[in-house]
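Got a structure here, written out as structure tokens. Questions coming.
Lettered A, B and C in written order, each chain numbered from 1.
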Amino acid sequence: MKSVISTLRELWRDPMGKIGIIGVVLLIVVAIFAPQLAPYPYDEIGMRFQPPSAEHLFGTDKFGRDVLSRVIYGARVSLEVGIIAVGIGAVCGYLLGLVAGYFERWVDRVIMCFMDILFAFPSILLAIFISAVLGKGIGPTMVAIGIVNIPVFCRTVRAAVISAKGLEYVQNAKSVGVKTWPLLVRHISPNVVAPFTVQATLALSGAILTEATLSFLGMGIQPPDPSWGSMLSEGRADMIRDPWVALFPLLFIVVTILVFNILGDALRDVLDPKLKT
Amino acid sequence: MEHLLELRNVSIDLPKGRRKPPVKLVEGVDLDIRKKQNFGVVGESGCGKSITCSAIMGLLSYPLTVGQGSSIRFQKEDGSEVEITSLHKSELRKLRGKDISMIFQEPMTALDPMYTIEEQINETLRFHTGLNKAQMHEAALEMLKKVKIPRPEQILADYPHHLSGGMLQRVMIAIALINNPRLLIADEPTTALDVTIQAQILDLMNELRESYDTSVIMITHDLGVIAETCEEVAVFYAGQVVERASVDAIFHETAHPYTTGLLRSVTSLGGARRELYTIRGTVPTAGNFGAGCRFADRCDHCMAICKEKPPALTQVAPGHLCRCWLHAGGAEQAEKEAAV
Amino acid sequence: MRNYIIRRLLQLIPVLFGISVAIFAVLRFIPGGFASGMLGIDATPELIAQVNARYGLDQPVVTQYLNWIGGVLHGDFGISFRSGAEILPEILTRFQVTAELAILAAVISWCIALPLGILAAVKRNRMADRVVRVVALLGVSVPGFALSILVILVLSLFFGYYPPLDYVGLLEDPAKNLEIMFLPALILGCSMSGSVMRMTRSSVLEVLRQDFIKTVRAKGASERVAIFKHALRNALIPIVTLVGLQIGSLLGGAVVVEQIFSLPGLGLMTLTGINNRDYPVVQGCVLFIAFVYVLVNLVVDLLYAYIDPRISYD
């Protein structure tokens, strides 16, 4: 397995990887230093519908809030929701996959049946459905998107567990009565890291998209919390007259997803050269 | 042109980017194939024998290219000659499958799994003849009988996955010969098959060759196959021809130490029990050849000059060429040097 | 083949049963039940009890479920709490809209993705390939709703064109219907085409590397025959699988585009149902979507056998 540093170095050598890393780091910086970077608080009210100017680079929205500031804070919300949702999906998926792969038989069948049901729904519909049950706001949205993400991770781990169980030394350990649990965990974890990292990067862009969509539909983040999705849906009504209100959050959604996809693709090429074509 | 096919100074390049010079996978190959001749090409895997033959078909796979200064001339049925390396794509297509055809190593993967045997035979006819459907069916059936396939009617309707490797290789032979080509290139046609099937396929090829007046280039790493099927042989080593002679001369008046090594490493049923010979060391990879003879590091007869200067392909007897300092005056030169 | 289809259809029963139980159970957990949602701030415990009794929500959950599923088995999906309308006919009408949208979008995405994906594979690592890969990356990354809004914005700002707001059925006025459907279908098709392009490129590349392509070329085939007759046919299975998944997920997943273009589709019906706590509507929609989804999967599996002679279901 490659070390983190050598992976990053290889990524950096690839032009696409470089774009991905720079983009993601920039986004993270914007998210972390949002209070310092944003010229105004995200909920400060002023003159309505001002076009972009030196004072308000991205203009103001229908309540007179600074669009740039809201977009910057929106990056924070998007990343927060994305990272925690993918974290929930990855951890639950890892555990469920481990259990399913280890026990096989009916435990496996039950778990995978659930995964299939989750997988059988269009992910956006599933997210809508779950967030209807859990309620609106940042926390429930994270959990809803996290649940949507479980099956992919679960399958990855389960496949790794099942193939690791067939390995000779695991079989040998079993035959001399060593507990195979710790062995499997220790063996599987490094094998899973590469596909997991790639999967997580791509899932992150998916999660950010799902959050934006949910918020756009009014199911996710609620005002006054700034979310690109809800800003877009608020700005849509006045889009023709004052396009900046919708345009800037839209631009940021697209660029963010693009950047994570670029990073994910480059990461896959580095970590899993077999798939490179 | 007296020969059916003439290769002159053929090299094959693996491009290494715009700035670096290409790696030469094959270099300076001269071969002549006469009409109705059975020509053997022997060598280890990776020695360049297969890609040389792909180049004859104009079928080098990306990113390989034929090097500058190479010439591959082929005589067509009407007596006119063509230069394959500079032939237009559409002209080349007319040649392939009609004048020159090819059989591959892996019959199991050499046919498209999505189409019936009949369709895959018909395709070859369709590209080169104006036969209608019924005539093509007739021709395909006839051809399958010639390659001794039982129940040909039924086989025509089958898909490749229904047939065994030996059967598929017969189908491949049928496809290759159906347009009555002047040259057939067989790239290790028996390697992937069971031993008993191997013999059957070789017998079949020998038999068909007589009735079809086709020249055959048999590519193989198996000297047994060469002994059984060929008249003349070229031995490839590390992208070069190291020895070229009649089959008799190769087996009985072996000149090149590499060929000797190859012969000694063949298992024989008749011979006394002895340990199997292996040539020591490994083949140098393309791009890492030294200044001298490419076999020098593995050779039991290596002299000082072998490491310094590459030997040329020189005649050791009429019709017998060898690329070795032992036969190119290198020994005398070495003695002279020692005397000084 | 026939037996296989029957067996597959029988296997659907437990899956659909499981889904129906799951939806039913989950819906009862939604905070703020139907009654309090409908009554709003006027809700008093007595009023809520009254409403619950009227819609049978005071009965034990198991009884409610049995009543509902019994009806479903007879083709009766119940009536909407909100509008009092029969649910199944409503679902079927809206399904026509969604199905038309999904099929149009899929066709558009093939028309874009297949040629470009093949081009990229054939011209690997050259200019055309790089361009296609960037286009595909954009296609994968630009979400449908973002593209919709962008397109509407550009059309209205620069061309003075506004997409029609009133939906007209295909059978009522085909020309008008197609005018309405074209833009959303184009947008969905574009966002679907990114991943189809990638899949086409990689699987055609994979096939082009295989031995039999060399045989085909050695027979004297033109590149056109080698690529379209042999490489594409062999590359089709993963592409068809992906397209099947995509069409399936459009059934409910087109909800955003349906909302933006005010198309009365299934996704929007489900969303409205959820927002209104209209249990029977949500249950019916989700069950129906799941049913069609598994049917689409079955059709895809049957297509495999049609494409690839090695696969047979006898």
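Note that in this section a residue touches a chain if its C-beta (ideal position, glycine included) is under 8 Å from a C-beta of that chain, and two chains touch if they have at least 3 such contacts.
Treat the numbers as computed from the prediction; the structure is a model and nothing was measured.
*Asks:* Ranked by contacting C-beta pairs, which pair of chains comes out on top?
*Replies:* A-C
*Asks:* Centre to centre, using CA atoms, which chain is the farthest one from chain C?
*Replies:* Between chain C and every other chain, the largest centroid distance is to B.
*Asks:* Can you compute the centre-to-centre distance for chain A and chain B, using the mean CA position of each chain? Integer Å is fine.
*Replies:* Each chain's C-alpha centroid was found; their separation is 55 Å.
*Asks:* CA centre of chain A versus CA centre of chain C: separation in Å?
*Replies:* Roughly 22 Å, centre to centre.
*Asks:* At least two other chains touched by the same residue of chain C: list those residues.
*Replies:* 124 - these are the residues of chain C that touch more than one other chain.
*Asks:* If you look only at chain B, which of its residues touch chain C in the complex?
*Replies:* For chain B paired with chain C, touching residues are 57, 59, 61-62, 93-98, 101-102, 104, 106, 109-116, 123-124, 127-128, 159, 161, 172, 175.
*Asks:* In their complex, what parts of chain C are in touch with chain B?
*Replies:* 124, 210-212, 214-222, 225, 230, 233-234, 307-310
*Asks:* Using the touch definition up top, name the residues of chain C that touch chain A in the complex.
*Replies:* Per the touch definition, chain C meets chain A at residues 15, 18-19, 22, 26-27, 29-31, 124, 137-138, 140-143, 145-146, 149-150, 152-153, 156-157, 201-202, 205-206, 248-253, 255-256, 259-260, 267, 270-271, 274-275, 286, 289-290, 293-294.
*Asks:* For a test of understanding, state which residues of chain A touch chain C in their complex under the given definition.
*Replies:* Residues 113, 116-117, 120-125, 128-129, 132-133, 135, 205, 209, 212-213, 216-217, 232, 236, 239-240, 243, 246-247, 250, 253-254, 257-258, 261-262, 265, 277.
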